[in-house]
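Chains here go by letter, A, B and C, matching the order in which they are written, and residues are numbered from 1 within each.
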Amino acid sequence: MGSRGVTLQRAAHDAPGLLAYGAALLLAMTMQPALAQKTTLAVGMALEPPVLDPTVNPAEPIRFITNGNVLEGLLRIDQAGEVQPLLARSWTVSADGLRYDFQLQPGVRFHDGAAFDCSVVQFSYGRAAAADSLNPQRQFFVPIKGVACPSPLEAVVTLDHPVGSFAYDMAWPDAAMVSPGSVTGNGPHPIGTGPYRFDSWRRGDSVVLVRNDGYWGQKPAIRTVTFRFIGDPLAATNALESGGLDAYPSFPSRQLLARFTHDPRFAVVPGSSPNKVILALNEARHPFDDVRVRRALAMAIDRPAILQAIDVPDGRVIGSHMAPSDPDYVDLSARYPFDPAEAKRLLAAAGVRPGTRIAIAIPPIDYARQTGELVAAYLGQVGLDAELVPVEWPQWLSRVFVHADYDATVIAHVEPHDLDLYARPHYYFGYHDAGYAALYRQYDASLDPAQRHLLSAALQRKLADDEPNVFLFSLPRTNVWDAKLHGMWHDQPIPAVPIAGVSWAP
Amino acid sequence: MRRPAPPRHPSLWAGTLILALVLVPAALSAVWTPFPPGAIDIAHRLLSPSLRHVLGTDPFGRDVASRLMVATLNSGLVCAAAIALGGLVGIPLGLLGAAPGWGGALVMRIADLGLAFPPLLTAAMLVAAEGTGIAAEIVAIGAFNVPAFMRIARGGALSVLHRDFIAAARVAGRGRVAILLEHVLPNIGAILLVQATLALAIAALSEAGLSYLGLGMPPPLPSLGRILADDQARIFDAPLLVIAPGAVVALLVLGCNLLGDGLRDRLDPTLAPVR
Amino acid sequence: MIRAVGARLGGMALTLLLGSVIVFLLLNALPGDPALVMLGLDATPDAVVRLHHQLGLDLPLPLRYLRWAGGLLTLHLGTSLTYAVPVSQLLADRLRITLPLAGITLLLSVAIGLPVGVAAAARQGRVSDTAIMVAAQLFKAIPDFWGGVLLILLFALVLHWLPSGGFPGWEPSPLAALRALVLPALALALPQAAILARFMRSATLGALSEDFVRTARAKGLGTQAALWRHAVPNALVPVITLVGIQFPLLLTGTIIVETVFDLPGLGRLVLEAIDQRDLPVVQDIVLLLVGLVVLVNVAVDLAALRLDPRLGGERRA
């Protein structure tokens, strides 16, 4: 608000009469104070993070706020999904893939003044790999044999065995550099090396970041960023229209988007993210241990129709555990076309009687609830009795994810390149296939990009054949922001809302 | 009141009429609906009202009228069960509390406790503990209804117990329980009926609120509050989806209130209105 | 009078004690493990055990209850598991929205309900009286969340007068913050006002027919004077009692309406905390709300007693 707005509010405060109050209200509503050059930014997000430390908690909203803004790693992932240097100016990999030499950026300080050098790398990676580590991606760090510091600005990381994706892994927010002196306070008050400092957190409302004027890199244009948590689509719409928000990446409602597409003040920008919505099946349970049953389920469900019904006609049907935005993506979406008659035949062949009960656990999210309801209806059409079991997140985590006590569940996996899930010995899918595991080991150890691409395609095909889960679709993301705003990420190859490259058009 | 020739219980008739309008289709849904309420037909989604689909279709192509009929039945049954629970627990406790001694004080303490737990808080805790379920919802709404029944039963019993015919029955050697059942209960029947009708209105509001918040009966059972919550973002392109379920709740509540008021006027003109 | 006050305060303490036991038992029987939620998907069993110890979740139930209750008595509300900040701080933040909302609602409903009720009583039997009472029946039947949605539809989406939800915070502009509370308060207040109006009407009529008012009128007191000098003040006693009866539902109505309008108040906090198994927060909030209900009931009781000493003993609406 400009100075005139403030004066008006004061007048409204002093005026005792309702009339004066109402007049001020009307004026304040119609006035848009002119500003020279805006240097603030308010970004809307659907969920509030529980803490602000991505190295101990897997919640996605933490990464939106901190990744690349407050916290930085040695490397980063750019909008195209490529690995780029960050706190490491450059790096080299030995021919056998066991040794990474990182040349560190000089003159870098944490927000509390602590210096960044190789000892911080040792500390951060050591902490993430430790046996009692809470790091959500601890497996990234387990192959690290040691971090040596030949000089303060050089870090040499040696691995037990070659890991083809190591540089990519180290660019995740989970591999952020944290200072030994401030790490314990990072939950409520993260301290990193990034272009923005944490300023304040009003629980249930917003987190404010301010520009770090001592930043080692290029100074960003935006001075103050407010991340506001507005989950309700109507409220988000209102906040954008009234100027309470400048941007909302991944706008939460399709139905309300039409308001912005016809409004020249806003840009509605399509983008991609590597999400995969699946109907996860528990192979440890009969009848899901039978591949015919899993294929039958895939053929019983009309996936394009579901996309219509949940108002995302531009969503993409997938046929394996890979999103179309991924460079390695192979289109297998036609592998199991909608064919209820064939589905019934397969079920009968597998000895599954009509009326067999399947409980589908539904986590409390819109897409899961809607998709679950539709999936249940389609399974009903081939004679199965699908029962929806709504569960809260904690119950989903403990019952489905940890104890694999479930038949089926609708869930989105949002991480990029997570084909390793199907090679894990204990994962909630209950999928065990020696052939897949061997193929994955080969992929994981391969350093040649071309070969990795081929192996990834083979892995995807193998999954499509076995259909351990019914792969449903990948949901597009649609961003809404002020038409004068430049530099926001359209795509989301990794959870992040980087602000440093954002600016207002004059 | 000193009104010349008042219309004979207009609210009784209006209430009965409105309730019939809502409840007859709901009851009918147990045996027949225009379309199967869960049948998904995506080719015919979001249709406007027509002769075929009186209230149009929802985003999944389901017939809105059919779903509302079933949802009303579900909500109505939950409310009825909750009121029954409130009465079955509250009335005996209230009669017990009419006995002289510390029993009365204890019973009133329980009533206070029950009133301090609005359905939403109880439901929130139960749902957190057990997950959503019809039982949790019935208990949450029912528990809040116990105190009202207790108070009325106790008050009624206290006023009746002093009358002559009770003394006569006692002299005749009837036991305490027999007296309560044969003499006290019939005498407070009317006021209990009025209370049940009015409580039904509040229960309908609570049920709708709970299922709106996702604390009510679990999907895919259609319930009025959840249909509204599910389609709330449709408020622009299909406002009827949001307006219709709320209107059914409002009619249900209105009908119960009118019927309750009318019953009270008719059964016991001396009664002061409770709410 | 002093005895009556003492008895009621004692009863209140007993109710709160029983309430706290119920809340604690219900919530600590939850199957979800808060430690697991905090640690996320790949938590090692060791880490879970350590966190259990750190949170005191490995202690026996009675001891945990005593710790909690003891903390409450010394105003130590514990620490939120999700946010890792004191619960008192969270409560203070959220009450900045919920209390004004409840206050505005109460004000609006009284400001609308009482005059309308008195006006209807003054026009008893006329068409305008019937019209008012029919309208009141209608408003009384509107679920507050549906009313909220309809208000959003009209005032925010069609007319663009007021925001459809969200809360901008008090600091940048108190005016904008107030505007954000107008529709939610209205959605809550309209049904309450309808109930109050109906009640006020019959209470006023009741008072008008009392002997002393009739006597005054027989002695030449005008209708208006009889209404305002005698009937209305006497009608206030039952009306205050009614406000007490309505309070718990108003409170939970706030929770629902906060969801409709996406206001980060106490209601939203408690629903989120249940989702997250944030036990300290849930326990404290539920007990706080229960305590508020009990307190208001006692206050209303005492106020009624004060206004009308004839109400002795245990009669409570």
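Here is the rule we use: a residue touches a chain if its C-beta (ideal position, glycine included) is under 8 Å from a C-beta of that chain, and two chains touch if they have at least 3 such contacts.
In this text, all values refer to a predicted model and were calculated from it rather than measured experimentally.
Chemist: Measuring from CA centroids, which chain ends up nearest the centre of the complete protein set?
Modeler: C
Chemist: So using the touch definition from the top, which pair is joined by more C-beta contacts, A-C or A-B?
Modeler: More contacting C-beta pairs are found at A-C.
Chemist: If you average the CA atoms of subunit B and of subunit C, how far apart do the two points sit, in angstrom?
Modeler: For subunit B versus subunit C, the centre distance works out to 21 Å.
Chemist: Averaged over CA atoms, how far is the centre of subunit A from the centre of subunit C? Could you give it in whole Å?
Modeler: So the centroids are 39 Å from each other.
Chemist: Just curious, how far off is subunit B from subunit A if you go by their C-alpha centres, in Å?
Modeler: 44
Chemist: Any chance you could list the residues of subunit C touching two or more other chains?
Modeler: Touching at least two other chains: 31-32, 152, 274, 277.
Chemist: Can you pull out the residues of subunit B that are in contact with at least two other chains?
Modeler: 128, 232, 235-236
Chemist: Using the touch rule from the top of the page, what residues of subunit A touch 2 or more other chains?
Modeler: Residues 234, 364, 392, 395.
Chemist: In the complex of these two chains, what residues of subunit A are touching subunit C?
Modeler: 1, 5, 9, 12-13, 24-25, 28-29, 50-51, 57-59, 131-132, 134, 136-139, 187-188, 202-206, 229-232, 234-239, 242, 244, 364, 392-395, 397-399, 401-402
Chemist: For subunit B, which residues are in contact with subunit A within the complex?
Modeler: Where subunit B meets subunit A, its residues are 38-40, 42, 45, 59-61, 128, 131-132, 214, 218-220, 230, 232-237.
Chemist: Taking the touch rule as given, give the residues of subunit C at its contact with subunit B in the complex, in rising order.
Modeler: 11, 14-15, 18-19, 22-23, 26-27, 29-32, 125, 137-138, 140-146, 149-150, 152-153, 157, 195, 198-199, 202, 205-206, 209, 242, 245, 248-249, 251-253, 255-256, 259, 270-271, 274, 277, 282, 286, 289-290, 293-294, 297, 314, 317
Chemist: Can you list the residues on subunit C that touch subunit A in the complex?
Modeler: Listed in rising order, the residues of subunit C that touch subunit A are 31-34, 36-44, 46-47, 50, 82-85, 89-90, 93-94, 152, 156, 161, 163-169, 172-176, 179, 261-262, 264, 268-269, 272, 274-277.
Chemist: Could you pull out which subunit B residues touch subunit C in their complex?
Modeler: Those in contact with subunit C are residues 1, 3, 108-109, 112-113, 115-121, 124-129, 144, 201-202, 205, 208-209, 212-213, 225, 228, 232, 235-236, 239, 242-243, 245-247, 249-251, 253-254, 257-258, 272-275.
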